[in-house]
Amino acid sequence: MSANTANAPASLPSREPGALAILAGVVRRDLLLAMRRKSEVLTSLFFFVIVVSLFPLGIGPELGLLRVIAPGVLWVAALLAAMLSLARMFAPDHADGTLEQMLLSPAPLGVLVAGKIFAHWLVSGLPLVLIAPLLGVQYDLSAEALLILMLSLLIGTPLLSLIGAIGAALTLGVRGGGVLLSLLTLPLYIPALIFGAGAVEAEMSGLGAHGHLSLLVALLVLCGFFAPWVTTAALRIALE
Amino acid sequence: MSANTANAPASLPSREPGALAILAGVVRRDLLLAMRRKSEVLTSLFFFVIVVSLFPLGIGPELGLLRVIAPGVLWVAALLAAMLSLARMFAPDHADGTLEQMLLSPAPLGVLVAGKIFAHWLVSGLPLVLIAPLLGVQYDLSAEALLILMLSLLIGTPLLSLIGAIGAALTLGVRGGGVLLSLLTLPLYIPALIFGAGAVEAEMSGLGAHGHLSLLVALLVLCGFFAPWVTTAALRIALE
Amino acid sequence: MQWNSLAEFFSMGGYAFYVWGSFGVTALALLVEPLLVKQRQSQAVRAIRREKAASRHAP
Amino acid sequence: MNDRLIHWFKYASPQSFYPLAGRMIPWFAALAVIFGIAGLWVGFFVAPTDATQSEAYRIIFIHVPTSWLSMFIYLIMAAWAGLGLALNTRLSSMMASALAPTGALMAFLSLWTGALWGKPMWGAWWVWDARLTSELILLFLYLGFIALQAAIDDPRRADRAGAVLALVGVVNVPIIYFSVTWWNTLHQGASVSLTKAPSMAQTMLNGMLLMSIACWMYVIAVVLLRLRAIILERERHTEWVKHAVE
Amino acid sequence: MLTVARLACVRGDRRLFSGLEFSLEAGGCLHVAGENGAGKTSLLRTLCGLSPAEEGEIRWQGRPIGELGDEYRQAVLYFGHHNALKEELTPLENLRIAATLGGLTLDEETAFGLLQRAGLRGREDLPVRVLSQGQKRRAALARLLCSRAPLWILDEPFVALDVAAVSWLAGIIGAHLAGGGCAVLTSHQEVAIPGSTVQTLRLS
Amino acid sequence: MLTVARLACVRGDRRLFSGLEFSLEAGGCLHVAGENGAGKTSLLRTLCGLSPAEEGEIRWQGRPIGELGDEYRQAVLYFGHHNALKEELTPLENLRIAATLGGLTLDEETAFGLLQRAGLRGREDLPVRVLSQGQKRRAALARLLCSRAPLWILDEPFVALDVAAVSWLAGIIGAHLAGGGCAVLTSHQEVAIPGSTVQTLRLS
């Protein structure tokens, strides 16, 4: 098209990036933003730590009791932390007009969305996985249980980001987005919670965590395929 | 001042409201906003319900175990719900310029702040008190324990709003406000948590909740005097 | 028929609260729901009538 | 396009369905009343007292139909919503919106009657049993759908967003059900479990069937009624609505 | 009424202006001009008392504004880049709330009339969220109509307004000045206020 | 290049316009005028394909935009009321990110140069948050300088800019038109683009 030359003078060194470069660009951008805001990373991490540490204060210090409830408490805390960070997945981009630009971008929206989901996991899921053993120790979990806990979170947190993205996209720009988001994502999160906490409990009771973990992986594969696609559709609906 | 007449023509039926009228006005305004957004009320309520209902899914269905952890779970959930709604106490007014207008308002800022705190409690504290028994039933609590639970929340939630207001004002417009807010308020919330959950536990173990409850009331009175005043100072600093 | 008296029927073998609580609330809900829907319908009709009247008066 | 398809599309337009629905409602309402009376008669006066549960078991006549319906309605709702999303037919999306509140009500009634049954039978209003838990989550799914649609001003956008949610939910329902079953059966520490009468007396079964049919008829009637209201609300600027409302 | 002496403003490591002097009498209007980033908004916020002055002094009726406190706040109306509207509420609700904050109770009838004067007839009951950019601005400006503050400080009030609204607003400001008030405003366009001469202060 | 036929737009229960027709050739510029709330922003969003058209058709190079999909998106640049800037990032980072989204990799040197042309010399490394209103706008407009889209859709691009920036922007648009591009823009002021005649479409 002849118009092109007018606005991209020959001196402008630029090239069209491929889908992978765009994905990397989106991830890099979101990470940069997270670093700049700091709180992004810290909010969900800190929330996770708070919730887990508050329980012994509310329930009492008996280690026997704490050990029994540990997998549940840790997983519920991870789930809540993931849920809270969801609101920030698309909403800021929506508010300042970046999301419109993404929709109008020639890059495939699916790729952009996948990038954003991945960045969300890096920022708000991965830190939880890394800190979990430290918190598990507070609840007197054994080394094997800690390992399974980390493993279940490593499989489970991306799942939470993937499922949550759908809810975040659906509630974009909607009145009362906050509650709605929890109302929508919560029921969808429950299987992850049950298998995740179940894996650790099974390990602790000597039943072996294998079954639970493979179910989690199956869920992850399923969502990995469909969630970005559904999210894209939801985003288009939200911005129409 | 002669200028007055120019802009308030004689036909404009208006009068200067007193401090109480302004207080009522602020409360009414915040309630109206809450009704319009719906979510305001529902967010913390629904969050409370979610957190409480997630635990059995993570921990397992044994009623005996659930009954033991019930006071802790319910109080931690109430505390988290209160903490999350704090960010919305001043931040939206800050973002859209209303807070500037409040600071420039001839009405005493202390009154405006007291009104906002009260409205915050009505919207995000009171609903928790009312729904708590229903959730307590799911944890198989006895009628007496439920009563004490409600009572402790009735005294405790205004306390949470009062303390939280200080944190919310201090972190206004600060980068990473979210984490900071939890970092600041959480330690201040812990006494409320301990006495609140303690009251229910004491009742369940037959020790009587009286002592815990009177300590909660003492805390409430103390904060009722000082918190609005400190919050006002913090707001002035935040907007300078 | 297994009921010897009306009182026995109403006491439901001592489970009156539970049985009548279930049936009562269900009956109430099933009665109230259509009423609410009817109200919604008539509200819509009224809004349309009002609009029609307004457009008739307007030039 | 053949003739029958055109015919079908004719009734798929809100304009022609509106009067049709109006004519159908009284019939279904009447059937609901007839079957309801018959079912209550069988339930209270024909069915014998249960050996283990005494009279409390009569809750079954209301509990089971509402439980079944709450699940069925969700499936039907998701199907209509998906159809609306795929074919962009207005009526099917409206049908989905009309079904949701009744489905939520059925889920609530299932929970309510179940809780009232649980207290005398198990000694607790609520236990974290697989069935109970998944019914609770089903209620959340309904509420999510309703809340999402209510929160979006533009009806067309609300329809599509709701459809996406309903479809995601319908995939999730079986996953939830099986995960919860498995979760629950793996650690069966609970002191209570669902005790079913070994073989239900034929009369009980009859009563349950009659009540179920009555509930179905009720649901159809009330959903059509709500559908008419929704059609009026959404199409209020069209000429035919202005004409229809005289 | 308003006297400014030796005012300076620093943002980050940049000195935006210093040694600024002007005074404004009843009926006077000051147009602060200057290119983007010259410090107009910063100056206006300092005049309101929202930001502290780096150096220099601002006096109202001869007394420093720091001393006056509430009394000064009662005398000032600030209208900034932000609309101070709640997007969920209707213009009507927003206006009544703004009036309460300004220390005035406004009944529905009156508020209705003011919004009509602001050109929002038929939009009083829509949430602000769905209004057009200019309509939002008008809804925010309706606040001027019920203000009794003698000093108006307006930051780019004409932005996003169509031609009719611009002249309506100029008329409002003119009436305010004619009634003995005074105003400080910024704009990148020429400002013509009917019945009043506008001083211009150019920041560079 | 762009042809619009019988376009109508409905918001809520209000029909903003209907039966709208225009066409735009390479080098053409359309100024959409109209009072506040006339539907200018709504029209522009429809032209981009962000909102679906209630009735009527929009064609690009003779084909309906719905069919074109990605191809059309590649051809359009939309600049709206929102700046699409992240307040925490610097103009430099914002520009490079925007370029990536637009399907272009921009190295730091180039981006630096573009920002200087936008008049942000010395502000490239401040977070956007502290910039003045007009500087934010300039940072957002720098995006135009590296766009290769032939169709520019600009919603009130001149708002908040000072006089120098307005004529700079008009020059940019003029160069774009001279290179065979076309543009649709809204403004409440007169629009003069050097070296090109502007059609005006008035919504009422």
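Labels for the chains are A, B, C, D, E and F, by order of writing; each one numbers its residues from 1.
Going forward, a residue touches a chain if its C-beta (ideal position, glycine included) is under 8 Å from a C-beta of that chain, and two chains touch if they have at least 3 such contacts.
These are the chains along with the protein names UniProt gives them: A, B = Heme exporter protein B; C = Heme exporter protein D; D = Heme exporter protein C; E, F = Heme ABC transporter ATP-binding protein.
Worth saying up front: this structure is predicted, and the values here are computed from it rather than measured.
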Contact-graph distance - origin subunit A, target subunit D: 1
Interface with more contacting C-beta pairs, comparing C-D to B-E: B-E
For subunit B paired with subunit D, centre-to-centre distance based on mean C-alpha positions, whole Å: 37
Subunit C-subunit E separation of Cα centroids, rounded to whole Å: 55
Residues of subunit D engaged with two or more neighbouring chains: 151, 153, 180, 183, 187, 236
Numbers and ranges of subunit F residues touching at least 2 other chains: 12, 81, 88
In subunit B, residues with contacts to at least two other chains: 37-38, 57, 60, 65, 175
For the subunit B and subunit E complex, residues of the former touching the latter: 1-8, 12-17, 21-22, 25-26, 29, 32-33, 36-37, 92, 95-98, 100-108, 112, 239-240
Complex contact set, residues of subunit D against subunit B: 124-129, 133, 136, 151, 180, 183-184, 187, 189-192
In the complex, subunit C residues that touch subunit D: 1-3, 9, 12-15, 17-19, 21-23, 25-26, 29-30, 33-34, 37-38, 40-41, 44-45, 47-49, 51-52
Touching residues (chain side subunit E, partner subunit F) in the complex: 11-12, 34-38, 40-41, 81, 119, 123, 126, 130-135, 137-138, 156, 159-166, 188-189
Touching residues (chain side subunit F, partner subunit A) in the complex: 26, 48-52, 70, 73-78, 80-89, 93, 97-107, 110, 127, 144-150, 175-176, 178-182
